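Below you'll find a set of structures to go through.
Here chain A shows up in two complexes: once beside chain B, once beside chain C.
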Partner chain A sequence: MSTALKSRLAAAGSALRERDVDGTTLLLAACFVPMLAFFVVVWVIPIVYALGMSLFASPVRNPEFVGLGNYAELLGNGAFWGFLWNSVVYAVATTGLSLVIGLGLALVINQRIRGGDALRTLMIFPYLLPTLVVIFMWKFILDPNIGILNQFLVDAGLIDKPIAFFSTLEFAMPAVVVTSVWKFASFAFFILLARLQAIDPDLYERARVEGATTWQAFRDITFPHLRGAILIILLVRGIWMFNKFDIIYLSTRGGPLQQTTTLPIRVYQLAFSEVNFGMATALAGVMFFLLAGVAVVYFRAFAPEKEVA
Partner chain B sequence: MATSTGRSLVSHDTQKRLQRIAVYLTALLISVFTIIPVYVMVVIAIQSPATTFAGGRVNLLPTQPSLRNFLVLLGSTDTVRYFVNSLVVTLGSTVLSTTIAVAAGYGLTRFDFTGKSLAARAVLFSYMFSPIVLAIPLYVVFSTLGLLNSHFALTLALTAISAPFCIWLMWQYFQTVPIALEESAWVRGASRWRTVRDVVLPVARPGYISAAIFAFAVAWNDFTMARVVMSRDEMYTITVGASLFLDRVSIGWGETMAVSLLISIPPFLIALFLQRYLLQGFSVGGLE
Partner chain C sequence: MATSIHLDTVRKEFRTLGNTHVAVDDLSLDIPEGSFTTFVGPSGCGKTTTLRMLAGLETPTSGTVSFGDEDVTDLPPQERNVSMVFQSIALYPHMSVRENIGYGLKIHGVPKAERDERIDEAAEVLQIEAQLEKMPAELSGGQQQRVALGGAFVQDPDVLLLDEPMSDLDAKLKSDLRVEIQRLHQELDTTVVYVTHDQTEAMTMSDQVVLLRDGELAQVDPPKQLFDYPNSEYVAQFIGMPSTNVVDCAVEHRDGETVLVGPGFELSLPAGVDAPTAGRVRLGIRPQYLDVGSAGACRLSVDVEVVETLGTESVVHGRLEDGTPFDVVSDAVDDAVAGDRLDVSFDLADAFVFGEDGETILFGSERAGERSSSPAGTGGVTP
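What follows is the complex of A and B.
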């Protein structure tokens, strides 16, 4: 593989030397060596090393080769499927809601409403504000003792006593979902807005002349232009949310009673609370192969590499 | 139900007006939903807890602004040190990530070789990858090499999660830069290197500013990598350090929101002054 690549690069280099410009080989190296070195050092070596580790029991202290034993233990444990289910619920809920809000707002701002530019600038904040800050804001708003949402709900007579949203079984997941949607709806919004603004306005003009209703224009012009972007958002955002660690860890630590423990939270618990690196790397391995499976589907369905290569 | 002839129950004017109202109502709802948390943070940060919680209720109309919370942060926490740590690794990984991306983007668009689509898939796969799933292997390797609790290790880890998108962005960006510019420089006798310095880099500026902003945002926002790589208090970045504030008896919501406000300053400046570069990044996919 690497020798094949080397000869290809050499061929490319010699093709350029024929153009009679100097310094080409060095430039070729300067372009690719940093990227290749970087990928090998921070991606390939750690992942291969960790996959190797996942084949051992207590790999750090006194390693004992167990083959796929860790994987069998992991998948054979009912708790794993519960954590997988939590991940799926969290990913589907946050991705779906983010898409609906992002799409709604993108359509609204694309109408060139008054204050649209200000609203667009406003939407940058949730995206750029560090997750920790977002958690602090929502922990305060949802706090049972001083939180303004509880104050409001009690004053309005909707509830009798304050709810500790992040630590109540039935409210923990919804609270984490709302917090996440607040942060991530802008992602869908900006991508969809970029697509909307790329649609030729003449299309709408022609549809109007032909007497199409707003709904028909949306169905026949807007939606077809957005479909690709929507699918990409569902897929990529969905993958990211499935793998989200920080926002859940910082808001609930996976509690109460593992109610919000998703696979990423579980990986962290296994590695750093239970200090069981055999199981932690095995779970990371499972997540790696899940992701690889989704990536294969993504590459088949969309051929995203066509955009550049 | 919409009919194919476009007739409806209400008149065209009423329909238009209702639609207008719906549009503004949606905009209003989402603005309020977005603004309230930010407003709450700012108000609590700039008034003393005595004012905020006077009378057993949260007072959110700032009447007596005060620097008290910020002074407590400076006086009795390591906030300054955490900020310095954050700045070191954020700037380090931003420079590293952007440099790798500019070089790779230029090379990938200017040299021909087969296997490019494989390279594109590798970049996209790492772009979708999960930080925590990468953090565990990195922890294992850094721990073996004795590199935990170092700025160097965290810089590498942060670069690992920002570089794939930056490479993708620069790859796309360089495709829009016509090679004719470079060719005309070569014809006039400029060397390949000089062409890169005097022609390519100036033209690519909007691209790499955009890449740098994303790399910066990822590193500044990071909690996962810093939590995993740094275990000694004096090496904590601001997000990890501040995440432990609420566990302390001596620190309340006032100081917590004050540190949140400080952490939000760089993102705020980006939103205000570098917005167009950020939007450009979203046109090729955005990040996390």
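What follows is the complex of A and C.
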């Protein structure tokens, strides 16, 4: 082979290699840029825009820069703390109950009881039903005139007269919580059941031979395997429920007497009933930073991403 | 304290969708105190089910299980002083090696100081001191196996049960651990029951071997006895590597003598053998007991198909003229190749005769006096 040919081949080779690098970069960019653009358009710009709006009084019709004035007004107003309290109660109660019920059912069905497969299939239905249907169903069940629960309670002699659960001060929040838990308990159920079924059954047999009782086996084998999943459920479900809007608004509109008005409901009221976009975006901003702070502390404290092997 | 174990007509049935499967069929057995007993047999013979009944993880359908004089048939595992090593090894993945070994002690309320002392001692015996603070996922297969063993014997059990603990290990590790398990047994005051499908493990480690077939007891004897005096064709074929050759023979009665006529050979049975005087029997000859050449009384020709060289000896896989598979183990066949015809011979002393029901009706060595030369290459079978 002549030297000239060799050098030409080498040149062609290096050109090809350079083009390869360019090709790879191009492919990466082609995959990455659309997602980034989508993310920027759908998430970053609205968030920045909303945070910007929160610095103005009456930002739509007659914008006037007030700095952190909206925030000061919000946090100085006692009502804010009431709405925050409602949000925390709703998020903690629904997440906690969903977890307890989901875990209980997962433990039962994991015992391979008769009919367990059918039960497991049934469990997906509440999650699949549209929220509106779930609310209609519970409104019927809890209705003071035709509801089966009131009928039952009156017949059993537990109450004298029917209760309008969704519009009574002390029962509105529990009624919304029950409706939400009914729909969302299966979320925890399916995640925990999947974890349970991944545990090597020999571990339980070994523990029994080593003398462990059922409770000790749960504490020392089952719980450590579920810990990561439980922490993730608490975080994710907790954030979702804290931000939940549809199920509350559609069942009570935040009433009675703002008893079920959580922060998302209040943001909606501020924005679309009171047309105060400055205050509404400021409140949304407060929620955003609050949740971000909680999530950071949570990950530092529990490291839920650390699963057992 | 080691304990003896008695199984009395133990039966275990599993019912699924209207079918009843008998896993263990009226098994009666005595396991002496402090012995090393191995349950061996093919898949589905009931050996693991029997072990699980000893552990208390299964309850017999009928019959009784006793440890010493105590009836433990219905006792849950927690109330028996047994330890078990599972086939899957079953280490707790979220606990360190130290916690894994010490879990049983912790459950039994042994104080931490004493627990640590016993764990350290066990780790030293098993040479896993350096791994104590690691997690199971960081260990090699052999180390995991040692941890499982440590967790089992650290509790000082009356009965130590091992369910195919080495089935996932490579050959070299297996032979190392075999020695270690035997050493442990010598040091511990424990009755060991070991389940395996590997006859080498059964033969090398045990005081007595329990061979099962379809949930029934085929034979229980010390390894050497099992090898030399198999009470049936099944036992003769299961024990020994490669399997005992079995050849169909016609029985003929001539001049007051009983003669077995096989493919290419005839063998006169000595007087007084309780053999049928007509019909057919099967003749068993261990591949190791065949002589290459014509030194023996009965001669056969083997068409060589495959030759495996093992170093000091070779295994020849071939067929007789009638197509019966026939193996020969010898140190004199190194140059044999596929397609060769190999002349081999044997004497009555090398043979078993099995009746039509598969039971042994004649041990050649008993009739013809002890075998002249000791068998070579029997897979390390020593009592």
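Here is the rule we use: the second predicted complex is superposed on the first by the 272 of 309 C-alpha atoms of A that agree within 3 Å, B and C clash if a C-alpha of one lies under 4 Å from a C-alpha of the other, contacts with A are read in each partner's own complex, and residues count from 1 in each chain.
Going forward, a residue touches a chain if its C-beta (ideal position, glycine included) is under 8 Å from a C-beta of that chain, and two chains touch if they have at least 3 such contacts.
Computed from a predicted model, the values in this text were never measured in an experiment.
Look at chain A after the overlay: chain B and chain C fit there side by side.
Within the superposed three-chain model, A:F152 lies out of touch with both chain B and chain C [touch as defined at top].
Look at A:I141: by the touch rule set out above, it reaches chain B but stays clear of chain C.
Chain A is touched at more residues by one of its partners, and among chain B and chain C that partner is B. Contact with chain C, but none with chain B, is seen for A:P224 once the two complexes are overlaid on the shared chain. When the shared chain is aligned, chain B and chain C each come close enough to touch A:T213.
Annotation: superposed on chain A, chain B and chain C show a minimal Cα-Cα gap of 5 Å. Overlap of the chain B and chain C interfaces on chain A comprises residues 211-213, 216, 308-309. Of all the residues in chain C, the ones that touch chain A in their complex are 55-57, 76-78, 82-84, 86-88, 90, 92-94, 103-104, 107-108, 135-137, 151, 155. Taken together, the chain A residues at the contact with chain B in this complex read 5, 8-9, 11-13, 15-16, 19, 21-24, 26-28, 30-32, 34-35, 38-39, 41-43, 45-47, 49-50, 53, 101, 104-105, 108-109, 111, 113, 115-116, 119, 121-126, 128-134, 136-141, 146, 148, 151, 182, 187, 190-191, 193-194, 211-216, 232, 236, 239-240, 242-243, 245-246, 249-250, 264, 267-268, 271-272, 277, 280-281, 284, 287-288, 291-292, 294-295, 298-299, 304-309. Chain B contributes residues 2, 6, 8, 15, 19, 23-24, 26-27, 30-31, 33-38, 40-41, 44, 53, 57-58, 60, 99-100, 103-104, 106-117, 119-122, 124-126, 128-134, 136-141, 156-157, 159-160, 163, 167-168, 171-172, 175, 186, 191-193, 196, 217, 220-224, 227-228, 239, 242-243, 246, 253, 256-257, 260, 263-264, 267-268, 270-272, 275, 278-279, 282-283, 285-286, 288 to its touches with chain A in the complex.
Looking at the complex, you find that chain A touches chain C at residues 200, 202-203, 205-213, 216, 220-221, 224-225, 308-309.
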